[in-house]
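Both complexes below contain chain A, partnered by chain B and then by chain C.
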Partner chain A sequence: MMRKGRSSRGYGWLSPLLWLSLLLSACLGMEGLKGLFRLVEPDSQALIYDRADFIVLLGRHLLVVGVAALLAILLGVGAAVAVTRPGGRDFLPLVGQLASIGQTFPPVAVLALAVPVLGFGTLPIIVALLLYGLLPIVRNTLAGLEGIDPGVAEAARGMGMTGGQRLRQVELPLAAPVILAGIRTSVTINIATAAIGATVGASNLGDPIISGIVNGNTAHVLQGALLIGLLALSVDSLFARFQPASSS
Partner chain B sequence: MRRDAVQPNIVLASLFLATLVAWLGLDAVSVAPNRIVPGQGVDVLGVAGWGGMAVSISPLLVALGLAWRPTPDRLRWSTGLVVLMLSALPVWLMVAAAFTVDPDMPQARMGIGGGVWMALFLLLLALIELRTRLTMPRARGWALLLVPLASLAACLSFGLEPLALRQEYQGRSEAFVSAIAEHLLLVGVAVCLSLLLGVGLAMAMRHWPRAQRVGFAILNFLQTIPSLALFGLLLAPLAWLSSRFDWLAAFGVSGIGWAPALLALIGYSLLPMVRNTYVALDEVDLDVIEAARGMGMSRGQVFRQVRLPLALPLILEGIRITTVQAIGLTAVAALIGAGGLGTFIFQGLGQAAMDMVLLGALPILAMALVADALLGALTDLLRPGGAT
Partner chain C sequence: MIELIHVTKRFGDAVAVDDISLSVGKGELCVLVGTSGCGKSTTLRMINRLIEHSDGEIHLDGQPVREFREEVLRRRIGYAIQSTGLFPHWTVERNIGLVPRLLKWPANRVRERVEELMALLELSMTEFADKYPSQLSGGQAQRVGVARALAADPEILLMDEPFGALDPITRESLQDELARLQARLHKTIVFVTHDMDEALRLADRLVVMNQGRIVQQGHPIELLRAPADAFVESLLGGEDRGLKEAALLPVSERMSPLGPGPLAEERIARDATLREALSVMLWRHVEHLAVVDDDEVPIGELSLRRLVGARDHDA
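The block that comes next holds the complex of A and B.
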């Protein structure tokens, strides 16, 4: 077996707290880094992106990703559970194949295809993120539930557990690490894709980058990139904290 | 198998039913007098009237009936019907163009409506389901898709001039071809370089186990950074480097363009490549190596003739993941001026020209699917052969 480079046990709460505090202080104290940005944009008037507060942009970014992730978890885990029950088993091969084929779709292409159908703005991005975020969750939940030793399920049945009890007390807890890994993948991709969503009219941390590229202001690009990077690392380290050592 | 024991195939039945609802309920096409005005939706009745509608849904109704008692024979018939319906979609668009677009208006254009897109999607799902039920080999499943593709090509060469996608293409066919070339070049170079680097790194990690922990930590870290942020963060140092060193600038390195794109692509590609190569080299059975050494093979011979062939399928799997990922990331790289098909997506989004967005997004989707299928097939091909 491969040993993972990053183990969650050694760091505990330290690394998520560290990244989160860095993110928050960068959001609130971007002015303090003025000297640094002066280096890349010596003669720019607007050194710090000022069309919106960074903390507001961060909030919007989190809102979009959070809503999409919550819905994707509910729908994805629900769908995977449904197709592994006796009543829905007919749909299992199709859903499994759809989830694995769908993962080859580039997220940008999905986002781009969602716009003609759903229009510009925040809602289309949530829908696109939700659809794309479903795939890793469905696939991992299926893998987790299908990977359970049949003997364990048999033993639970032998103890007189009902279907619902087996699901809640045996199957879901055993599959939890794999499901959590799927959610982590889904959220990581969605944080990145939401940033690109700034090109289709959603205002979030992608905004400073896009407007910086359009207006040729490298300082704005750096500010947006710094914050998105810190956000991604904060969320990822939080997941690492909750995920018992397993492959992601 | 007794005939009366066959249960209805609920999956196929619900897919066909959903197709029927989408076909009748959503717009078949949308027609606009020119590029700027948003299109007016036209449904199936508006395109072909009651008679045409009856003809267009009849194969669906037959397929629904066949799904009721799905014997293998009937499933084969259904497969034929689904392929027929997929092939008929471009013909349907030609019919719609003839009925709905005024031939006196050269600027008029026809967009593909939600009903046709949904029908395409659901019928493809039905084809996947049928392939699974009939346990068809993967290659034959792909071969079935050639028929609808041929039909599409035929329709495009004989007509369909008003199709908005086609008009967008004709307006910029040269730019389109060069965008595809740029896209493929960037992906190809990134994958090749990261393969070389990745295999080297994986071998170095096997040699110095202490480097392995740090190495994977760094690569994991890189993978977490969102692409847009990484492109942005590379902008400043590369711009600085090219202003400091003339030979770099002469080489075409700058804060925007291909240089940051290539660097970021390689950065993202390294994790899957190194991980798969490392696991592949690590997992080769020790007994096999022992046996090879016992046969008098030298260390180099063992590596070339035993370890590498056995590891090859997993390494190819890494190349597959990397290639598919790079195709998508290159689209984002268009934002920092690296060219490629993403240019159309972001230009189209900027001008609210949705057909231009499609012109960029559809080929990217197709490229990712084809790369995935081809490399997947190659891996399957090497797997049984590699063990001998």
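The block that comes next holds the complex of A and C.
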């Protein structure tokens, strides 16, 4: 699972802008693709999903993924930093294993377990995404911090930097490209995974997919899938834009 | 001044440094030599507490190092290592200014100090200040490393094989530079190396270590003339010792006054080493050299006989 995102290929802003504009035009102008969906659902009355605006669903989708990512970053980077400090070294294997378990545990199972405790709605899906997204962040933060040139670490200590100064001025900046790659993997996976939130009443871009499956309307499934795919590509290309080339 | 009093370092059951005592006077350049794993690096790193000693005491100007806060101690001691340890995400200027900034010097004073040091180490400010370490050659990076170690004008400098990774020519030029700097700055320096020529060339005091103990210490010439045991003798170069000693003595020490006869054709500078003089003789197939001063004026002569046979002469 150490997928390191493809390194930025020097398109600059071109590729993120392209995907973002495709995403927005698909959100606002799904009507225009009616002809296309007619091909898969020739007999359907409701060819375009209309129980909510796509743009609203997109907003909710982003919110859920964003909150989960923020929590996963705080928790994941925090835990990885803690276990690479002298006082926390003993917990390093434990944290690595916990993060791995978080990812082997299927998000659907997390939802099934979380709903009785947290009720229906947005909260269980945030918990599920948080657990699922932790591993790449923890793994990459550990790899980034442990991968720092021992000579640099030694010099930082020998020059008289305190632990906090070394972390903020040396370790985190040098590990940043690898950490960012982990966040990128985590967020991209979770954009797709968030769709299952629709099964527990967290309304997002998964809604058209779930409702399409339930009502046997392939056009709705395709509309949800198309938007989620474009969203994932947009976000991924934004990361590629900001990720320094030195990461690989 | 640095004092190690019966210092021992154990890693688990292994004894890395075994009950050593050593005193490095103010302004002295003390070189620790020995084979890999003899404890010389460990000894060095115990002084700035990158490694904590197990037993004994280490004093800095009479004060035990354990009484300092680690960071405060290290900011008082310059530190240069073989891999330079320059921060790859910082420019040369920022790297050099690290310790002064940690000591909260005002920005303009840091800037002035960096300029001063770059001039001292012959690094052009306009060319190098904004470069990153990856854009430097090995020798330039090591100069920056030394400049960084000197930045806060520490009394004491610890150098752990600083020139070990450089090619022979760059290494020699940096050794010359260090000798020149030391003649000007009079720092108290502890220098670790396994390169015996480097050690002999730089040391005021040479400390030979083996298996965690100090086997012998003293001025390089003393050690060359009277090695304590077979280990020191072999480390000092065995049969090569004569040449190594000759490399430490200037021509002026063995030359004789100008005689009445004709002057030898081949010339040698007064401050060249006897080793260089011998090399010129071998190369030119001559037994006599004219010794000249800095202005190429003959001031004496050196015969092969005096060059090799003068040991009883200066004793």
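Definition applied: the second predicted complex is superposed on the first by the 216 of 248 C-alpha atoms of A that agree within 3 Å, B and C clash if a C-alpha of one lies under 4 Å from a C-alpha of the other, contacts with A are read in each partner's own complex, and residues count from 1 in each chain.
We take it that a residue touches a chain if its C-beta (ideal position, glycine included) is under 8 Å from a C-beta of that chain, and two chains touch if they have at least 3 such contacts.
Given the structure is predicted, the values throughout are model-derived calculations rather than measurements.
Using the contact criterion defined above for the overlaid structures, shared-chain residue A:G102 touches neither chain B nor chain C, since it reaches no partner. Once chain A of one complex is fitted onto chain A of the other, the partner contacts of A:P116 are limited to chain B, with no touch recorded for chain C. In the superposition on chain A, A:I228 contacts chain B only, with no contact to chain C. Contacts of A:I213 after superposition: chain B is touched, whereas chain C is not reached.
By the touch criterion stated above, A:G59 is placed in contact with neither chain B nor chain C.
Note on chain A: of its two partners chain C and chain B, the one contacting more of its residues is B. Here chain A touches chain C in the complex through residues 149-162, 165, 170, 173-174, going by the rule given at the top. Those residues of chain A lying in contact with chain B across their complex are 2-6, 40, 90-91, 93-94, 97-98, 101, 104-109, 112-113, 115-117, 120, 188, 191-192, 195-196, 199-200, 206, 209-210, 212-213, 218, 221-222, 224-226, 228-229, 232-233, 236. Only residues 9-11, 114, 117, 125, 128-129, 132, 212-221, 224-233, 235-236, 239-240, 255-256, 275, 278-279, 282, 324, 327-329, 331-332, 335-336, 342, 345-346, 348-350, 352, 354, 357-358, 360-361, 364-365, 368-369, 372 of chain B touch chain A when the two sit together in their complex. Interface of chain C with chain A (complex): residues 48, 50, 70-76, 79, 81-89, 98-99, 102, 148, 158.
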